[in-house]
Structure formats: structure tokens, C-alpha cells
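A short worksheet on the structure shown next.
We call the chains A, B and C, going by the order they appear; numbering starts again at 1 in every chain.
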Amino acid sequence: MANLLLEVNELSVSYGDVRALTDVSIAVDDGAIVALVGSNGAGKSTLLKAIAGLLHPSSGQMFFMGESIDGLSTKHRVDRGIVLVPEGRRLFQTLTVRENLKLGAYLPRARASYDESLERVFALFPVLKERANGKAGLLSGGEQQMLAIGRAVMAHPKLVMVDEASLGLSPLLSAAIFELIVALNQQGTTVLLVEQNIHMALKICSTAYVMKTGSVVLSGTGQELLASEDVRKAYIGERGGRR
Amino acid sequence: MKVIPDVRKLGKRKLIWAGIALVAAVFLGTLPFFYDVHSGQWGYVLFMVFIYATVSQAWNLIGGYTGQISLGQNAFFGLGAFTMALLWVYDVTKTGYWFDPVLIILGGVTPVILAILVGLPLLSRLRGDYFSFGTLGVGMILSVLFLNGGGFTGGGEGKLLIKYVPDDLVINLRTHYWAAFGVAVLTTLIVYFMTTSRLGLALKAIREDEVSAASHGVNVLKYKIIAFAVSAALTGVAGAIYTYYLLHPMPMNVFSQNWLFLPIMMTVLGGTGTIIGPWIGAFVLYLIAYYADTLPGFEGWYPVVLGVIIILVMLFLPSGIAGLGEKIPHRLTRGFVGRRSK
Amino acid sequence: MGSFAQVFINGILLGSMYGIAAAGLSLIFGTMRIIFIAQGTMIVFFAYVVYWCFQKAGIDPYLSLFIAVPLAFAVGLGMFYLVFRKAAALEDKNVSLLIAVGLMYLVENLMLKVWSANPRGLKLDIQGVVIAGWGLRISVVRLILLGIALVSALVVSLFLKRTRLGTAVRAASEDMEATTLQGINSVWVCAVSFAIGIALAGAAGVGMATVYSFDYKFGFTFALKALVALALGGIGNVFGALAGGLILGVIEQLASYYIGMNWIEAVSYGVFLLVLAFLPQGLFGKRGLIKKV
């Protein structure tokens, strides 16, 4: 039986008076790809931000590798191995590709394996090696997404959370990025992804959670959900095409 | 615009403040009848408090309610002062009154023109700090212009208006007291009605999140200009009233930083975005300033104390004295609300 | 004095002060997103420090660079953690701005109380030394001032480009949240940026003490000039801010010479408004400060 890497229990998050998440529970096994799907405003990004430490929950607990991470700052969570690739990439546009990657490996633990991580990133994303000294802002959309993921990899993470990797990318490019995410996962990195492109997300994941207006409404394996009538009708459409 | 607020909805705290305000207003308004305002020191003190309350309340409109920190109020104050003075000296309106309400009102007109001229470029492009500094620059330019105005504006000396007062007139501080009081109350009423109307809702929306307000169809620029212009007008009128008392507007005095920083600090201390805040701040800070200088060994320290107070207020009580006892302590702040939802 | 070249050179030399101040402002703005209006007042403060070091302890003002700058850095860290840290966390720019205003008022009047309103200025032998040639007269103290400015800018620039922390500062100036996501302590990054900004004020203080006659009020107008210089130069580039200062210096001297000394201020602020209106990102800026609503 696989080990539980991340456990989120009954998490609630509010923006002032507005409830964004209500009693959300998810479990991420070590080595798995877990997907969070659902329409806009479902709270998926909020959940990732809460796990990353950018938002403080009003109630609930989170455990990583068996230990509580409640109240820990983002810095400590990164140190433990939880890294977020944020929505919209949020690259440092005026810095070079190399500098972006370097910043990913800022913390001592990550710095120790800097060379190794860099090799790994360049192996996964060869184009980044070519453009290593160019400004991040000049990269194409797909390249930027690769850099964003690469930056996270530099932190020597155990869990990489990816928020909307396919945002703004063509179907072809999205598929390529997803392949790379799968490759990353096969190297041993656990992935938690938030994705609008439900079809692709469900195809590559082992477990998935469907969220709606701040709560988890469905969960199951990727295959189960792909086959499910409810999911098809609500999110995928009758013909199985991408929404 | 609702004229009479629904009393039931107001809530206890607000009613208490309103009650206090009413009593205070009656007391202050009738004070000259049972206290010699002219020779007693309180007359002068209260006069200045009213002037400061007016300027603070005016700043409150643009800074507190709309969230645009203007650092150019002294420009409007001085402009109002000089407008009134120059119109008088060159006898433009020929009304023949000494204490001429027309001049006072006109004193508020040039600041409006300036506010619109300056506000259009500054407010349409700039947000936050840069607007603040744009207004700061305007204040400084105006100061210089008036200093170099030669015979027309009187240069560094300013204009000695005492020469133009009719010889047989006995000046009693009472007139000025009431004028200042009236203007302060009027300003407060104007700001009150503006901020409790739909306009006020728009201003607060702009303060909280401009981009969101714009996307909801609020014409951000128009409302900012309105708030800025009204604020300027009221400040100018205060300048005119002040000059009527002082009878000697000098650039160094009417454009001084005191008219810039003190009203801001007063409003902040009393509570930005509240109607009563500027009054509380004006009373407290002016009294501190006035009496601190008379304490032995303490003279000259009060500005330092004021600076410390402001910093402390900003850090620990951003909603000012008026915000004491409120449920949500950080009324001035927006920012990462999610973080604080422990 | 007479030729255009002389006026131009004077402008460059005097403008270097604005340049250092502007560089400090740029750094502080980059991470904290506030224009630190008290920068000028802090420069005056350190000018007093240098002045008293000389008067009481006979320390050569240029040597006191090595006192003033580290002291300024420490003071900067202290100020940040004491006063700005909470405001930075609240992320409300108005609060930070008002704190800076309060701080300026506080320090200004503290200096007035403690050191009186008498204008101060160092009287040094070196002040009389002038390099003459090609029909120009260049004051050595002012030349040294330019040197200090250039070296300061170089040091800061190297810090930003070549060190890990410096790269983090550059990243934070662009996107604070993304910086936090890399596990970088954003509070520390802001603190360091602020402290370096104050350290630059310390260096400028040395310049001020040696070149100008200053008093407690001097800082305010100086901060405004620094702001104009920043607007001219643009944000995000240390040398750009320095250049903005030099350009402003030249404009001022030209105005003084051709229009008259009284109008320098008006011209400076006029330039400011023009730049804000027509060239909001400055001449060398990497990013615009201005966002259209």
C-alpha cells in the first residue's frame, strides 16, 4: 500500500466574510499524480495556495509525510518539499532563465543538490538549456510553463503542485506539457495538479477530486471519473470533447 | 440622496457619536454668547481648531473615503487665501462689504480649477504614491510662484490686508469664530451627504479596489476628480477664512507644510473615513500643539511627539480613535484578507 | 562662471547627490512599493552625523563614509523591523506612505530640537581646491561627490546582479508572491532592500556635509528632487536613477543660469509633472510605475 504523502482534513478557508473552501479533505499518495478538477471559482487554486502556506485556513489540518504543517510559513513548507507552480506561471520576466532556476534552489537543502537538479531540469526541458542566458520574459508560452515547472524542480521537492499548466497553451502544447509532467512523476516526484482541461487531467492521474463552490463533490480514480455519467455531462460534454 | 438617515439602521455606536456631535455643535455654536471669545484664549484656540477641522475633513474626503493620499492640500489652502486677498486688494467684486462672503466663496473657486487641471493628468494615470507626489510637487510649485509674484502677490512679504479694512471697524474675534465654525460645520455636512450617497459608495469602492470598481462600471476618474475638486474647494474656503482673520497672507505661512501634514495627521488620528474623525483629530492635536509649547522644558518637542503618535496610530490603530471598539480593527487596510482569517 | 559647458558640468556634479538619493528610493520602491519620502531627511540626518564626527572627533568626512554607511545600514534595518515590517505585511501602501510621512516629520523635528535650526556645513580646506582647465573650473569636493555616487551605484549594482540575495531582491521587486513561493523570506528581502536604501542615504550624507550648507528642513525639498530624478530615470535600474539625478542637476543649473535662481524649484517640479504626464516609465526604466485604470 502506498504511503500517504499529503493529507488535508476538513480544511476551510475564507476571504474575509466570503467562504472559499468548506471542509475540504483530500489525500495524496507518495508517487502519485492527483488531479483537482472543477469549473472556475470552485476553490481549486485556493486549496493549493493554502497548502503552499500563502493563505491561512480558518479551520482544518494538513499533514505532510505524517507531520502537521499547520501554521508553517511558505519557506518552511518549501524546505519540507512542498512547492507550488502558480497559476499564470509568475516567472521573473526580467531575470534570465538561469537566474529563475537559481532562485528555485534558494534554500540550503535545494542548493546542496543544485547541479544535480539543474541537470535534471535540462534533461526534462532541453529548450531551457538552449535559452539559459536569455530573459525569461522572451520565452514562448510553452517554454515559460516549462521554466515554471523547472523552477519548482530546482527546489528538490517531494510534492509539486501545478496550477493550471495548460492555461493559454494550444492543445498540442498542453499535451506536451502533460507528458513532461508524467515524466517528472515517473522520476519519483509526486504531483498534485489543478486543471481546467478535465479530460487530460483525468487521463494522467491516479486519483482525482471534483470540486464545486468550495467543496469536494466527487472523488475516485481517473478512470472511474472519466467513465462517470455525471462528470461527462457536467464537465466534459456528451461527445467527450474538451470543454 | 437620502437626506434623513434611517435611525433604526444606524446602530448604537453611531447614535452615540451623533448625539455627542449634536451637543458639541450646539455648545460650540452658542459659546460666544456666554464666553468672551474675543479676549479669552479659547476663542482663538477654537477658531484654529475649526479651521483645521475644515481642512482635515476636506482631506478626509479624498484621502480617507476615496483612498487617494493627496499631499497638496497646502496648495489649495494658500491659493484660497491669496485669491481672496488679491480679489479684495484689487477690489474686483466691488461689493463694499468688509467681511465679504462672495470673496470667501471665490476663494474656493480657484482651488477647484487647479484641482481639475492638476487632477486630470495625475488621477487618470497615476495610482497610489505617484499621485501623492504629484500633488506634493504642485504644492511646491505654487509656493514658488507666489513667492516670485513680485508686486502682484507681494513676494515673500505677502499682502498686508490690514490696510484695506475700514478705519472705524472694530474687529471682534466673534465674527471669525462663527465664520470658521460655520464653514467647518458646512464642510462636515457636505462631506457627510456626499459620502452617504451613491457617490460615496463609488468612492469607497474605489478606495477598496479600483480595478474591481472600474470593471463594475464605475467611472473611476470622474469620481476621483469630484472628490479632489470638492476637497480643494473646501480647503480653499478655509484658507480664505483664515486670511480674513490673519489679514496677512504670506507664502511661507499659507503654503506652509503645517497645512499639509497636520490635517492629515489629525484625520488619521481621529479616524480616516469617518465623519467625526477629523474633528477629534483637530481638537486633540491642536490642543497638544498649543499647550505643549507652554509646558516648561517641553517647548518645541510637540512635532516629534506628533510624528510618533502618527506612526503608532498607523501601526496599532489604523482606524483612529473613532475606530476604537469596532469589530474589524483594520479599517484602513485592504490587502491579503485571507491571511488574517485564522 | 559663464559658459554653457561650465553650467553643464556643475549640473552633473550637483546632480550626483540627487542620483544617489534616487537610487535609494528606487531600491526601496522596488520591494516595498512605497516612495520613501523621508529619504531626504535621512540624508540630512547622516550629514549631521558626519558633521559632528568632524567637529567633535576630527574625523575626516571621507573617512566617515566608513562610519556613516554601515551605521545607516543598521539604522535602516532597525527602522524596517520596528516600523515598516507590520505595514509591509498588511500590504497597504497608504499605511506605509503615512508612516513614512510621520517618520519624516519625527526625524526632521528631532533634528531641529537636538541640533537647532542653524544651518551647518563643513568648512574644509579641500573645498577651495579647484581643477582648472579648458576654461572650466571644477570643484574637487563636488568631483569627489560624483565619485562617491558612481562607486555607490556600482556596488549596489554588483550586489543586485552577482549575489544570490541581490537576485532575490530583483525578483521580489518584480513579483513578491512568486518570490515567497521559492521559499525566500520576503520580509528579510524587503528589510535588506530598505537598509541598502538607507545606506545610500548615508553615503549621500557625506556628500551633503561636504558640499552643502544644510539644516533640518533641507531634507524635504531634497526628497522631492530625488523623486523627480527617479521619475526621470525610471525604476529598476540603479544607474538609471543615477542618470536621472545627473540630468535633473543639469536642468536645474541651466534653469538657474538662464532663467534665474528663484525659479529652480518651479522648473524642477514642472519637469516632474511633465515626465509623469508624458513619459511615466522614465528614460531608462525597466517597468512603468504607472498603471492605467
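Operating definition for what follows: a contact is a pair of C-beta atoms (placed from the backbone, for glycine too) under 8 Å apart; a residue touches a chain by one contact, two chains touch by 3 or more.
Only a predicted model underlies this, so the values are computations on that prediction, with no experimental measurement involved.
Peer 1: So which chain ends up closest to the centre of the protein, judged by Cα positions averaged per chain?
Peer 2: C
Peer 1: Ranking chain pairs by how many C-beta pairs touch, which one is first?
Peer 2: B-C
Peer 1: Chain A to chain C: how many Å between their CA centres?
Peer 2: Chain centres of chain A and chain C, defined by C-alpha means, are spaced 43 Å apart.
Peer 1: In angstrom, rounded to a whole number, how far apart do the mean CA points of chain B and chain C lie?
Peer 2: 31
Peer 1: What is the distance, in whole Å, between the centres of chain A and chain B, each centre taken as the mean of its C-alpha atoms?
Peer 2: 52
Peer 1: Where in chain B do residues touch at least two different other chains?
Peer 2: Counting only residues that touch two or more other chains, chain B contributes none.
Peer 1: Show me the residue ranges of chain C that touch chain A in the complex, using the header's touch definition.
Peer 2: Contact set of chain C toward chain A: 164, 167-168, 170-171, 174-175, 177-185, 236, 286-287.
Peer 1: Quick check: in the complex, which residue numbers of chain C touch chain B?
Peer 2: Touch list, chain C to chain B: 29, 33-35, 37, 83, 86-87, 90-95, 97-99, 101-110, 112-113, 220-221, 224, 227-228, 262-263, 265-266, 269-270, 272-273, 276-277, 280, 289-293.
Peer 1: For the complex, give me every residue of chain A touching chain C.
Peer 2: 52, 54, 74-75, 77-79, 83-84, 86, 90-95, 99, 102-104, 106-107, 110, 151, 155
Peer 1: Can you name the residues of chain B that touch chain C in the complex?
Peer 2: The touching residues are 67, 69, 71, 118, 121-122, 124-130, 132-134, 136-138, 140-141, 143-145, 147-148, 210-211, 214, 220-221, 257, 261, 264-265, 268, 300-301, 303-304, 306-311, 314-315, 318, 330, 332-336.
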